[in-house]
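Both of the next two complexes hold chain A, though its partner changes from chain B to chain C.
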Partner chain A sequence: MDFLFIIQQTLSATLGVNAIIFALAAIGLNMHFGYTGLLNFGQAGFLAIGAYSVAVPVISFNISLWVAFLIGIFNSIIFALLLGLPTLRLRADYLAIVTIAAAEIVRQIARSATFRDFLGGSDGITGKFASEFFDLNPFKQGLTTPILRFSGNDLWVVITGWILVALITFVMWVMVNSPWGRVMRAIREDEDAVRSLGKNVYLYKMQSLIIGGVIGSIAGFVYALSRQSVQPDNYGTALTFFAYTVLILGGAARVFAPIIGAMIFWFLIVFIEQVLREGVTSDVIPDWLIGVNQVGQIRFMLMGLGLMLLMIFRPQGIFGDKKELALDAKA
Partner chain B sequence: MHPHHIALITDLERDLNFAIKKISARLILSSIAMLSATAGISLIATPAHAAETPTKLYGIVTGSTEQPLEGVGISIAGPDGFNAEVITDALGAWEVLIPTKGTYSATINEGDLPEGQALTDPTKATVKANVFMPGVELRLLFPIGPGVKKATLLERSVQLTVDGLILGLIIALAALGLNLIFGTTGLTNFAHGEILTFAGLLTYYLSAIVKLPVIAAAPIAVVLSAFISGFLQDRYLWKPLRKRGTGLIAMLVVSIGFAIFLRYFFLFLFGGDTRQLPQYAGQAGLELGLVNITPKSILTTAIGIGFIVFATLWLLRTRMGKASRAVADNPALASASGIDVQKVIQAVWILGAALAGYAGVIVTLNQGVSFLMGQDMLLLIFAAVTLGGLGTANGALVGSLIIGLFVQLSTLFIPTELKYVGALVVLILILIVRPQGILGRKERIG
Partner chain C sequence: MQKRNSGADFALTTSQIPGSSKPDPILIADKITRQFGGLTAVNVNHVEIQRGSITALIGPNGAGKTTFFNLLTGYDSPNSGTWSFNGMALNGVPPYKVARLGMVRTFQLTKALYRLTVMENMLLGARAQKGESVLRSVFPWIWRSQEAAIRVKATSILKNFKLIEKQDDFAAALSGGQRKLLEMARALMVEPEMVMLDEPMAGVNPALKQSLLEHIKELRNEGKTVLFVEHDMDMVHEISDWVIVMAQGEIIAEGTPATVMGNNQVIEAYLGAHHDTDLTSEGA
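Up next is the complex of A and B:
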């Protein structure tokens, strides 16, 4: 087994592009679920809207990438409004089902042949829509060390991405510690009590949905830019569920939880996958037990099992506080 | 992540019939849209044995009852301004020799088709052929059926209504169990779809590997589903969690993790293909008036209705059924009045898993089984349950029939690939008007 290679792959993933995407998606969910108690299962829809909003305008309409970012944020606000108007008056489990349905609507429209000319059908969109971003890259040679390895483009995404994560986390920290943030938490704990104080709960929930959704669409920007392509099937329900895993792993209603959660999540996934892969290729693990192509499946099985066990034995996550967040306040 | 293929039971089943019979007479009216998917694949490449074999495009034009159609004009256009016109002979056959490789398109002259015959998909008047090497023979097919273009809206509507009712029944079988479990335990079970997949896989295993006849494999799969997915799952997963006092949202998240685990476990054991049962896979349909329906659909639907009647009687008439409604209403009060709540929940799980298992068997019979089958059905099941009102048994039935009918009938107006989108949009629209669902109780909204 090549342990150095395993370590290099694992550490690169821990700090890598996927960790950034999941951290951002989970920060958005933290706003929804952690602070406001909204069970949004449609986060993948926000990511998809963000990703398509940067790819489509640049490729099809020759609009500047920077304008496309603004379009993406605008679109995610519209999507949040559309989602919020019918659902925010519903009980938590209704909200979950409606948001998951809305995200599926987005994905199925994106992959349909009917809109292929615009959205690329099930193949998605691949093209050089992020060149304006990568032209600014001062680190074109990338980074190669024994324990970390990024290509030139990846390094640029990773550096700007983590700066973005830090900025957004800071803004979140300011927001949730403001009087506004305390109203949010109060809504999570007891909606009726907040209402009786004369607050418009519906409006506050809508604000939460929009803010978290916009952060989700920013995760979609990073997803699209880093790969220079958008594939509709990457934005399925599994994406939302793994973003929840990241959030719960770190500890919901903690500002830093999504970052820590995303790093640990990708550390574990890639580490286990690499060890299994090395084990299979060097015949430590026999062929009849696990084939090379089955390593990815084992990884998903472990992710599912991990989510179950985490929820059963440590629902407050690593840093969460059980008193801060009784996960059943809204049930 | 994985590619996500949603396929509809009845359409896919026909699609299969279609592939087996090649272009056949009885192309059912409603499968027009599916044809656009198949016609693209209907180029059957026959590699040449030797280089002297000429490169050619050929085909046989047959009508709605497989009778050859003579005198139909076909024009071929290709690269470098290649152009040719042929007319089908007495056997309906035509062929054109082509000079080079490239992309050719063959257009059928629709005006030459005899009375009562028409393309089942008007967009397939032109079929493309990609000749990737010299010396190959490519067979091109034009989908022709019984004057479909003139098919009345009524005829299509009737067929789609029947398809919709069958889909609604399948959803109802799964939704009833989901709703009973939700009603008695409060669990929103995201792993319910995997009960369908598991029963489907069992049916496949018992019939294709153990070599039992399907007619024996199916009931065994349902019984095993009730025992493993119902009794054992509740006994060793959910009952301990209830005892620990795990909250409802925490259990919801646990069910998501369980669903992901099971799905990839099935993929690990079974692989990613869709497998057909050894029997009845390509059964031909029967013409009953305006409707085309396969015998297996008639039988499975009849049994399914029987199951639903049984479940309803169980709920309304038996002591245990009445107790389950009492538990759904107020578990503490039910417990205080001497009802063994855990026993009721166990019964509900067993019944729910049996019903969902049977739904999985029907889907497997009609369109084959893959590890994604349950996931594909889950959203429709949820949509049905939410539409009817979470936790209400009749609501699940009403919601299922509405979703089933809507999914199918919407294809009259929107592309087939978007029919699930239509159903989900309707779900959201109805919830704006009636947030508690059609038969739900108003007090329960937040």
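Up next is the complex of A and C:
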């Protein structure tokens, strides 16, 4: 077994593009679910809107990528308003139902034959829409060390991506520790009590939905840029649930939870996969037990097992406070 | 400012009949009905609440007291009727605006915000906070001094309510009675003109009860109006200037505590018309 290769692959994934995408998606969910108590099960929809909003304007309308970013943010605000206007006055469960459906609607529209000319149907969009971004890359030769390895493009996405994550996390930290954040956490606890103190709860919930959604669409930007393509089926419900996994791993309502959660998530997935793959190819794991083609499925099984154990022994996540979690029982 | 002493003054000159007019009403409700399916939960023809008084709203279970409370504070909408606070019509006004107008309520099932600390619960109550705007929240120097001033005020109220040692504990860590105190203290942070307390004494131990009573009297001394729903008759007797009795959604009696509790209709509503009939004689 090539241990160095396993370490290199695992560390590169821990700090890699996917960790950035999931960290951003989970930061958005942390705003929604962790701080405001909004059950948004449609975060994938926000990512899809972000991803298509950078690809479509550049490819079909020849608009600058930088303008496309603004279009993406604008579109995700519209999507948040569409979701929130009818549902935020209702109980939390309704938002969950509407968001999961809305995200699927976005994906189905994106892959539909009707809009094939613009959105590329089920094949999605592949093209040079990200060149303006990669033209700025000063590290075109990439990074190759025994323990870390990124291609030139990936290195540029990773550097700008983590800077973006740090900036957004800092702003989040300031916001949730402000009186505004206090209102948000209070809404999570009991909205009627917050109303009785003269706060416009509906407005605050809408702000939360928009802010978390915009951060989700930024995750979509990174998703699209890093692959230089947009595939509709990448934005299914699984993406949302992985983002929730990342958030819960780190500990909901903790500012750094999404970052650490995303790193752990990708560390585990890639580590398990690489160990299994190396084990199978070097015959340490016998063929009758696991075949090469089964590695992909088995890593998710083991991942699931690990998550179950985490929820049993550390339900509050990495950063969470168990005492605080117990209070949720509303004694 | 003219010192408006307890409601006793107005109580002497006000006729003790349901819907009687008060010399200086802060809250006036007219022809309010609320139906749940076929059931009429509230059917209040006319009621006025005297400014600066402590008024108790009593009645047997299911009389519609809490529903009436919810209607007045915007948490529920009536099928018909109008009501006004300080001359301002409140039809269709959402709860948060009702609170901003100066009418702040508490809840029968206490709504302490559990995973906020006691201090955070208090700070949340203050009005017109700059840092509660989404854009300004990002610039702490805009709201820091206001936050400090609010904290000073919260500290003094917490001291008064003997909750100051608990200020850094989660609200969930308080006892049931302390949560009632916290909820009331938090309502005061809004600087209300009128406080609506829904069963402030439920589940509160006798020692805390006395201090709650004092706090309610203090509110009146500060010129605030208090309307409260309560089942504890001793408390009603001790602190209220005026008592309004509801049964089956209607107001059946109004008056001073002494008069109301001697009223036959009230006794019947609570205990049933035949409460003194010997049960054994019915079977004969």
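Here is the rule we use: the second predicted complex is superposed on the first by the 310 of 331 C-alpha atoms of A that agree within 3 Å, B and C clash if a C-alpha of one lies under 4 Å from a C-alpha of the other, contacts with A are read in each partner's own complex, and residues count from 1 in each chain.
The rule is short, and it goes like this: a residue touches a chain if its C-beta (ideal position, glycine included) is under 8 Å from a C-beta of that chain, and two chains touch if they have at least 3 such contacts.
Keep in mind the model is a prediction, meaning the values are calculated, not measured.
> In the overlay, answer first, second, both or neither for which of chain B and chain C A:Ile78 touches.
neither
> Which partner does A:Val67 reach: the first (chain B), the second (chain C), both, or neither?
Neither: A:Val67 stays clear of chain B and chain C.
> For A:Glu189, using the defined touch cut-off, is the partner it touches chain B, chain C, both, or neither? Pick first, second, both or neither.
In the superposition, A:Glu189 touches chain C alone.
> After superposition on the shared chain, which partner residues are touched by A:Ala101: those of chain B (first), chain C (second), both, or neither?
first
> Quick one: classify A:Val174 as touching chain B (first), chain C (second), both or neither.
After superposing on A, A:Val174 lies in contact with chain C but is clear of chain B.
> So, A:Ala166: does it touch chain B (first), chain C (second), both, or neither?
Once the two structures are laid over each other on A, A:Ala166 reaches no partner at all.
> Is A:Val284 contacted by the first partner chain B, the second partner chain C, both or neither?
neither
> From the superposed pair, tell me which chain A residues show up as contacts to chain B and also as contacts to chain C.
In chain A, positions 327-328, 330-331 sit in both the chain B and chain C interfaces.
> Okay, in this complex, where on chain C does chain A touch?
So the residues of chain C in touch with chain A come to 73, 75, 94-97, 99-100, 104-107, 111-116, 120-121, 123-125, 127, 129-134, 136-138, 140, 143, 147, 170, 172-173, 183, 186-187, 189-190.
> Can you check the complex and tell me which residues of chain A touch chain C?
171, 174-175, 178-183, 185-186, 188-190, 192-201, 207, 211, 324, 327-328, 330-331
> Would you mind writing out the residues of chain B in touch with chain A in their complex?
1-4, 6, 186, 188, 241, 244, 246-250, 252-254, 256-265, 267-268, 379, 382-383, 386, 390, 415, 417-418, 420-421, 424-425, 427-429, 431-432, 435, 444-446
> Of all residues in chain A, which touch chain B in the complex?
Answer in residue numbers: 39, 85-87, 89-94, 96-98, 100-102, 104-105, 107-109, 112-114, 122, 191, 233-234, 236, 238-239, 241, 244-245, 248, 294, 297-298, 300-301, 303-312, 315, 326-328, 330-331.
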